[in-house]
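Two complexes are shown next, each including subunit A; its partner changes from subunit B in the first to subunit C in the second.
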Partner chain A sequence: MLKILIPTLFLLPTTWLTSSKWLWPTALTQSMLIALGSITWLNNTTDTGWTALNSYIGTDPLSTPLLVLSCWLLPLMLLASQNHLSSEPMNRQRMYITLLATLQLFLILAFGATEMIMFYVMFEATLIPTLLVITRWGNQTERLNAGTYFLFYTLAGSLPLLVALLMLQNSTGTLSLLIIPYAKPLLLMPFGSKIWWAACMIAFLVKMPLYGMHLWLPKAHVEAPVAGSMVLAAVLLKLGGYGMMRLMIVLDPLSKEMVYPFIVLALWGVIMTGSICLRQTDLKSLIAYSSVSHMGLVAGGILIQTPWGFTGALILMIAHGLASSALFCLANTNYERTHSRTMLLARGLQIALPLMTTWWFIASLANLALPPLPNLMGELMILTSLFNWSAWTLILTGIGTLITAAYSLYMFLMSQRGPLPQHMLALPPSYTREHLLMALHLIPLLLIILKPALLWGWFAC
Partner chain B sequence: MADYREAPLATRPKTLDPNEYFNLSPDYRRAEAERAALRAGLKRQYQLQLNNPHRKELIEDPALNRWVYARANPYNHFKATKKTSLLGALFGVAPLFILYYVFKTDRVRSFNWMCAGLWVC
Partner chain C sequence: MLSRFTRLGTTLPRILANSGVRFVSQSQKSASAGSATLSELLPPQDSHDHGEVNHYVKNPDYHGFSTDPVVDQWNMRLAFFFGVSVVLVIGGTFIHYLPDYGMRQWARREAERLLKHREAKALPLIAEDYYDSSKIVLAAAGED
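After this line comes the complex of A and B, so read on.
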């Protein structure tokens, strides 16, 4: 763990001490080496499952895929941001990379934490660099509003979680994830225990986000610069899912009754946000709502607490992280050329930029869960486990899959086919950097097809 | 009339066509000519921007900007009328209760069947 943490920590002096000529190559190389080093975590050979274990941090098959995803994303974020930051003063560029590196550090500590309070503190700490990135480097005036929504929705959800965790600490004496599964359950008055259950879950449900509390997400994703959107969609949403998966263990007997409203919200949210996607004019907003839709499925999979549900949720989280981040990078390539997110203004790009169409195609296919991509594997597992939970969910998830395919197709056709706007200028052709960025997103996604067992969490059997 | 002079081969709008003049009042004709002059000015502006060799960005269309803003900010102008309340209740509130009821009854029923030994997998 230290072999990843120390280089990440030292990315901060690196950004401030390298000369401006070597800043980006150095930051990229260091983060890429960290990412490649983090892949070694996927090798879980211990019997108990916990590797790299010390008093505070450890990795297990649940946190490892998410850790690798967050480490993998940092070089990709730097690649994506290089262009739009090149015109800014050097100190702002260094500050940007510093914020991304601190975010990375907090994310690694959050996913690797074995103690729930450490996870909570890191969960909250990730809000700050993200808030700074959104409000300081966003492009429209609405970024302040977006930052406010983002911060306060998540904070309001997580303050009850702090109280709930402290109550758990009081009763159990420890909050270590290794011990909690074997501790006796928290016994409160009936209504009090329901409130405690809700307090534990609301923070993560807001973060995921669940349909009723998702308003912060389209704002934050749309107003953030590309690296902010990437990290929000790919990793920060998954913090919510991961937290839920960890905490479900201690919430057990209550969950049977309490999950119903949230599963209903999650599944209905899949359909509603999918339908909203079909009516979006703003490309980033479409991708943001599709994230809510996929995360609704993940929430459904986690809340029913079955092995396949958890496995499907974990795989869908990783696959969605890569696919969604790829789509945001593609949207950014459009934005850098036309300086507008409106889809109507960037139509017919297949004529102008045919190579980028390949990436658009693969990313759209990944979004609509085409077999044999891991997105489908995650969705199918969640669908099946939900069907086992109650047969009627199949209607909702089936319609949801149909709508997902519809809006992914809509996004692809709207951006690639159709007439090119008549006042379109000579667009700069796709840079190699952009191709590299897309390749680094989608090739891991394609490679996961060959061995999804790496991402199955505890149930890789 | 207004001092707009259109291009030699351009067609005149219908209301300025001399063949259609006869039942139109002079005020109406004057207004139509002014509107045609405004439109021609806008078209000229667009053509100037379109053919400007030093232009590096897209031509800004204020109507598109207004439309995009309107599509992106519906909540600021939301009003709770009968129709919107009905839609909200129908799609936002009722499904939640209906789905809760459906899932609960289904699960309770299958749980009872399982306890009674009637559940055939």
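After this line comes the complex of A and C, so read on.
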């Protein structure tokens, strides 16, 4: 663990002490070496599940894929941001990389935490760099509103979580994830225990986000700069899913009745946000709502509490992280050329930028869950476990899958096909950097097809 | 016709396009008029580069990293080497050779081996009872 944490921590002196000419190559190289080190976590050596274990941090098959995803995302964020930051003063560029590196640090500590209060503190800590990135580097005036929504939605959800965790600590004496599965369940009066269940879950449901508490997401994703959108979509949403999966163990007898409204809300959200996607004019907003849609399915998979549901949720989280981040990078390539997110203004790009169309195509196919990509595998497992619980969910998930395919196709056709607008005949061609960025997103996604057992979480054995 | 000028860069066709008829205001210029033409809202900004610079003019081998050609090339090399050759290839090899976690691949091979053996010997492929039926103790019919 330290071989990753120390280089990440020392990314901060690197950004401030490197000369301005070599800042970005150096930060990129260091973050890629950190990503290489993070791959060693995929080697789960122990039968108990917890590898790299010490008093504070450990990894297990659930947190490992998410950790690798977080570590891989930092070099991709640096690649994506290099161009739009190049015109800014050096100190602001260094500050930006510093914020991304501290976010990375908090994320590693959050996913690796074995004690729930540490997880909680890191969960909250990730809000600060993200808020700074959205509000200080966003491009429109709405970024302040977006930052406010982002911060206060999550905080409002997480304050009850703190109280709930402290109550659990009081009764059990420990909040260590290694011990808590074997502790006595928290016994309160019937209504009190329902409130306690809700207090535990609401923070993560807001973060995922669950439809109904999702309003912060389109704002935050749209107003954030590309690296902010990437990390939000790829990793921060998964913090919510991860937290739910960890906490489900202690909530056990209560969850049988309590999950019912939330599963229904999640599935309804899949359809509703999918339909909203079909009516979007703003490209980033479309991708943001598609994130809510996919995360609704993940929430359904986690709340159903079956092995296949959990496994499907984890696979879909990783696959969606890569695909959604890829789509935000593609949207950014459009934005850097046209300075607009309106889809109508950037149509017919296949004629102007044909190589980028390949990446648009693969990313759209990943988004609509084409087999044999892991996106489909995750969705199928969740679909099946929901069907096993209640046959009626098939209607909701089936329509949801159909709408997902529809809006992914719509996004591809709107941006790539059709006539090229007259005002856009002189677009700079795609840069090597952009192609590399897309390749580094989508090649891991394709490689996961060859070894999906990496993402099966606890149920790989 | 204007598209032919794109070979010279992006500024010339834009100037020619901007001087066209589209940007002549047709409305009355009075204080009470609520409408405004595009040219009043967005005056043409020539001094404000903001991404309109075509980097390929100065550096035909521009990779998208930096305006300095040396840094640009080295950045590209580092990004590709560490991104592809190190992480994807070496990391991928590491992942490929990870041990068989939870003995899943062993279980599959063992099952196939047993099946092959039993098919060859014409033995039943799998025992119908999961538990040994001689060890199950059932209560007698009349007892409670």
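By our rule, the second predicted complex is superposed on the first by the 459 of 461 C-alpha atoms of A that agree within 3 Å, B and C clash if a C-alpha of one lies under 4 Å from a C-alpha of the other, contacts with A are read in each partner's own complex, and residues count from 1 in each chain.
The definition used in the following text is that a residue touches a chain if its C-beta (ideal position, glycine included) is under 8 Å from a C-beta of that chain, and two chains touch if they have at least 3 such contacts.
Computed from a predicted model, the values in this text were never measured in an experiment.
Asker: In the overlay, answer first, second, both or neither for which of subunit B and subunit C A:Leu155 touches.
Answerer: neither
Asker: State whether subunit B or subunit C is in contact with more residues of subunit A in the superposed arrangement.
Answerer: C
Asker: Applying the touch criterion given at the start, work out whether A:Leu345 contacts subunit B, subunit C, both or neither, answering first, second, both or neither.
Answerer: The answer is first: A:Leu345 touches subunit B but not subunit C.
Asker: A:Lys21 in the overlay: touching subunit B, subunit C, both, or neither? Say first, second, both or neither.
Answerer: Only subunit C; A:Lys21 stays clear of subunit B.
Asker: Which of the two partners, first being subunit B and second being subunit C, lies in contact with A:Leu447: first, second, both, or neither?
Answerer: second
Asker: Quick one: classify A:Leu396 as touching subunit B (first), subunit C (second), both or neither.
Answerer: Once the two structures are laid over each other on A, A:Leu396 reaches subunit B alone.
Asker: Taking the superposition on A as described, I'd like to know which of subunit B and subunit C A:Leu42 touches: first, second, both or neither.
Answerer: second
Asker: Looking at A:Leu425, would you say it contacts subunit B, subunit C, both, or neither? Reply first, second, both or neither.
Answerer: both
Asker: Give one of first, second, both or neither to describe whether A:Asp282 is in contact with subunit B, with subunit C, with both, or with none.
Answerer: First partner only.
Asker: Looking at subunit A, which of its residues have contacts with both subunit B and subunit C?
Answerer: 339, 423, 425
Asker: Which positions of subunit A touch subunit C when the two form their complex?
Answerer: It is residues 21-22, 24-25, 28-29, 32-33, 35-36, 39-40, 42-45, 61, 72, 75, 79, 82-83, 86-87, 336-337, 339, 423, 425-426, 428-429, 431-434, 436, 439-440, 443-444, 447, 451, 453-454, 460-461 of subunit A that touch subunit C.
Asker: What residues on subunit A touch subunit B, complex-wise?
Answerer: 260-261, 263-265, 267-268, 272, 280-282, 285, 338-340, 342, 344-345, 389-393, 396, 421-425
Asker: In the complex, go through subunit C and note every residue touching subunit A.
Answerer: Residues in contact with subunit A: 2-3, 6, 9-10, 13-14, 17, 49-51, 54-56, 62-68, 71, 74-76, 78-80, 82-84, 86-88, 90-92, 94-96, 98-99, 101-104.
Asker: What residues of subunit B sit close enough to touch subunit A in their complex?
Answerer: So the residues of subunit B in touch with subunit A come to 49-50, 55-59, 64, 67-68, 71-72, 91-92, 95-96, 99-100, 102-104, 106-107, 110.
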